[in-house]
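A short worksheet on the structure shown next.
Letters are used for the chains, namely A, B, C, D, E and F, taken in the order the chains are written, and counting of residues starts over at 1 for each.
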Amino acid sequence: MRGLLVGRFQPFHNGHLNVVLSIMKEVDELIIVVGSAEKSHSLDNPFTAGERILMISKTLRKYNFPFYVIPIKDIEFNSLWVSYVESLTPKFDVVYSGNPLVRVLFKERNYKVKRPQMFNRKELSGEEIRRRMLSGEPWENLVPKEVAEVIEEIDGVNRLRSLLESDKL
Amino acid sequence: MRGLLVGRFQPFHNGHLNVVLSIMKEVDELIIVVGSAEKSHSLDNPFTAGERILMISKTLRKYNFPFYVIPIKDIEFNSLWVSYVESLTPKFDVVYSGNPLVRVLFKERNYKVKRPQMFNRKELSGEEIRRRMLSGEPWENLVPKEVAEVIEEIDGVNRLRSLLESDKL
Amino acid sequence: MRGLLVGRFQPFHNGHLNVVLSIMKEVDELIIVVGSAEKSHSLDNPFTAGERILMISKTLRKYNFPFYVIPIKDIEFNSLWVSYVESLTPKFDVVYSGNPLVRVLFKERNYKVKRPQMFNRKELSGEEIRRRMLSGEPWENLVPKEVAEVIEEIDGVNRLRSLLESDKL
Amino acid sequence: MRGLLVGRFQPFHNGHLNVVLSIMKEVDELIIVVGSAEKSHSLDNPFTAGERILMISKTLRKYNFPFYVIPIKDIEFNSLWVSYVESLTPKFDVVYSGNPLVRVLFKERNYKVKRPQMFNRKELSGEEIRRRMLSGEPWENLVPKEVAEVIEEIDGVNRLRSLLESDKL
Amino acid sequence: MRGLLVGRFQPFHNGHLNVVLSIMKEVDELIIVVGSAEKSHSLDNPFTAGERILMISKTLRKYNFPFYVIPIKDIEFNSLWVSYVESLTPKFDVVYSGNPLVRVLFKERNYKVKRPQMFNRKELSGEEIRRRMLSGEPWENLVPKEVAEVIEEIDGVNRLRSLLESDKL
Amino acid sequence: MRGLLVGRFQPFHNGHLNVVLSIMKEVDELIIVVGSAEKSHSLDNPFTAGERILMISKTLRKYNFPFYVIPIKDIEFNSLWVSYVESLTPKFDVVYSGNPLVRVLFKERNYKVKRPQMFNRKELSGEEIRRRMLSGEPWENLVPKEVAEVIEEIDGVNRLRSLLESDKL
């Protein structure tokens, strides 16, 4: 059985990792869709799809579990979206998502849909991690160490901070 | 003379029907543009273009008046939009719209533009009808019975409610 | 039962009309998809979607049969196309098409697909009619009289001829 | 040395002109990118790219300095944007922008980036000028006289005001 | 009076220059549309829009005549194209084009359209010049010297030749 | 060091596998770009991106070498393409491609580019394999056994054959 997990992963954090580890017990292979693949260099979406693919792949490789990481851009056409995902991924049997829109769309296409359990949402959220990066608080403990390495390598925290101050022409 | 009426029709309600019936007295044929055709499955735009076309066509057929229902997606390029509408519709002589942007765009292209009179805007609005669907209040009396049938057939109220609660990854 | 017929209709001719009349005996309502809706003003696709919608609607209205005419543009993404058509049309049960790609795509999505019988393909084809328009031979007898009227109204034969000679910069 | 200046220029005002005149002392040629080229006929972006190109060109011609004015539309894909600008413009050596996102994107591509000094930001801003147009206050003194002429020629103030009142269907 | 000239300018050659010089006698300002702006690095379209803008601007500057050079990409939607050009250019009164499609499209929108006279089409054509570049024959005498300089600066002949041999995976 | 290999992989065959195995000796990680990701269900491009990703991943997993398989659609804008690839992939140091356009584009962006050696091009080519599928000749020996399994599972040969005969409306 193959599962599909959808997220933006800005960045991939320990909450995501827990979800992945728990899904791994239910399926034989896992497809991870990196959503909003076209978004980067903004306060809500600082990292490119390529950078997020790197974070996820580096983290998961040690678990010796077959996974696929596939970037998928927003298409602003909800009723097309399931078909869009299907055409870019291997066939899958069950969809995991915390997003009600994603769940509705796949349910209407007759997919089995599950809501992954998330723990400690206050700390383990992309929003909180980006907030800490901006304010200079520690965030590295909230992400896998491979993710922290990727972010350091691309100087990600400085990218985020440089986006902050605005003085448009 | 052929008229053009532009709307999103989320859903098509009695206010829209009144406008259509009143325009029918002024023109020989009516083109109804279903705008934001790519939008569906969101709180503001729950229904697909196909579903909205069905609502409108089923309602209007009994009036024995020549009409066209044409889906047109947003193009995010205002100065192209009139040309876009023109290329997808039969020629028309007069444009009816309550939206000032639509009126400005067609006026600058030298169309005759009219503002349809709307009654009872408090109840007869898509926003109010969607609010009632979400809160469980009666809404069926605000739409033609053919529209209520279509919405029931596609289980539209449940779709809307499923979109409400959010817990993004 | 609702049927779906896909074509480019450049222009809508008596062969198309025969197919439509024969499908009308098998379904309760018919959706006619005007494909390649974005194409016009070329030797293979001289007429806009709006002009083709007018040809079809004017011809079919006298048959007093419920039909929908919906323009759909090419999306250059075959595996998305069925979903694209579904989102812009009312639900349908059976698909009629002479195009093998269309038949494959709908079959893979579990639709019932039929191949309409075409008669006199040598004369009743868009290609032959456009050829006659260019060469000055009679073509009006190959299309419904409403179609001939539309083409005359838009000066369609002259448009086609003006596209012929080329002297690019 | 060739410089690149990015802005929306809704409209081109004396603040922009000051920046241009000051950059002219540092470079041999100047490329002016008219951003959000697809946007017009909205309260924030009333003028088309063509109208903005006209404003800028008419104003700058008297300075006898080599410049290029190039419309570039938003592509909603930040990490592609520098490459997009590069493909539509002559090669450039230094980028001037008050927008932190633009500065980050070009810096990551190893461009020299400068922040132009802006004076009297309270009055010399597109937002303030559009506000005055809407409220009927004088604005002509805040823009070059060529810009005021273009806006008068296209009846720009009336366009802006017509967009204000809304009564959507 | 403002004229509009449409071409791909791959590259801008003496035939184009002659046309421009002859149009300059008929209009007060000239807009030059660099078509297929998104195309480059192919045998038929080797140069980017930015490179073509540079060729044209450098060549024309010495004539001290007001001109605009504006890149416009193909939109594969003929009936939208005039509107697309209008939105990205200052208003114009007369259109010059050797391309029958361009002439038909502008004529249907009620523009005055003229066909520029071309001399020595056998040598003065982009196709011939690109053929000579590939085969190592002299081509520099067929283009303005500014154009030859730009092509040398970007190592354009080598780019063209590198595109020739194919061995696809 | 990370390498990047670009192909359409319609289907992934033993020639591709040989190239991959030989690149594995030169790099530490390999990114495989599945090009023309939007293409499927045509005679030249029968398989979806998802199906091709499955073929490649299933084949390569046994080699215990870190690889990424990333679908990238055509963007018809050559000078943007390198940037597009960069934004969707982890950083890479060397590019392998048999396609001269791909090599030119990456070279102009200062990448190290290598041309992989291909053996037995007459048999080991996607074109030849698709021809054999259509004509009923044996093809399974030309692809890894995992690829043959995927093609059987999706009934790929029948899909290809169904696309052959044409009788367009």
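One rule holds in what follows: a contact is a pair of C-beta atoms (placed from the backbone, for glycine too) under 8 Å apart; a residue touches a chain by one contact, two chains touch by 3 or more.
Everything numeric here is computed off the predicted structure, so don't read it as measured data.
Select, from D-F and A-D, the pair of chains that is joined by more C-beta pairs in contact.
A-D
Counting only Cα atoms for the centres, state how far chain E is from chain F in Å.
The answer is 36 Å.
Using mean CA coordinates as chain centres, what's the chain B-chain F distance in Å?
45
Which chain D residues reach two or more other chains?
38, 40, 48, 77, 79-80, 86-87 - these are the residues of chain D that touch more than one other chain.
Which of the chains are touching one another, listed as pairs?
Every pair of chains in contact is listed here: A-B, A-C, A-D, A-F, B-C, B-D, B-E, C-E, C-F, D-E, D-F, E-F.
Please output the residues of chain A touching chain C within their complex, sorted ascending.
Contact set of chain A toward chain C: 77, 79-80, 82-84, 86-87.
With touch defined as at the start, can you tell me which chain D residues reach chain A in the complex?
Within the complex, chain D contacts chain A at residues 5-9, 15-16, 19, 76-80, 97-101, 103-105, 107-108, 115-116, 118.
Can you list the residues on chain C that touch chain E in the complex?
Residues 38-42, 48, 159, 162-169 of chain C touch chain E in their complex.
State the interface residues of chain D toward chain E in the complex, per the touch definition above.
Answer in residue numbers: 37-38, 40, 48-51, 53-54, 57, 61, 66, 68-71, 86-91.
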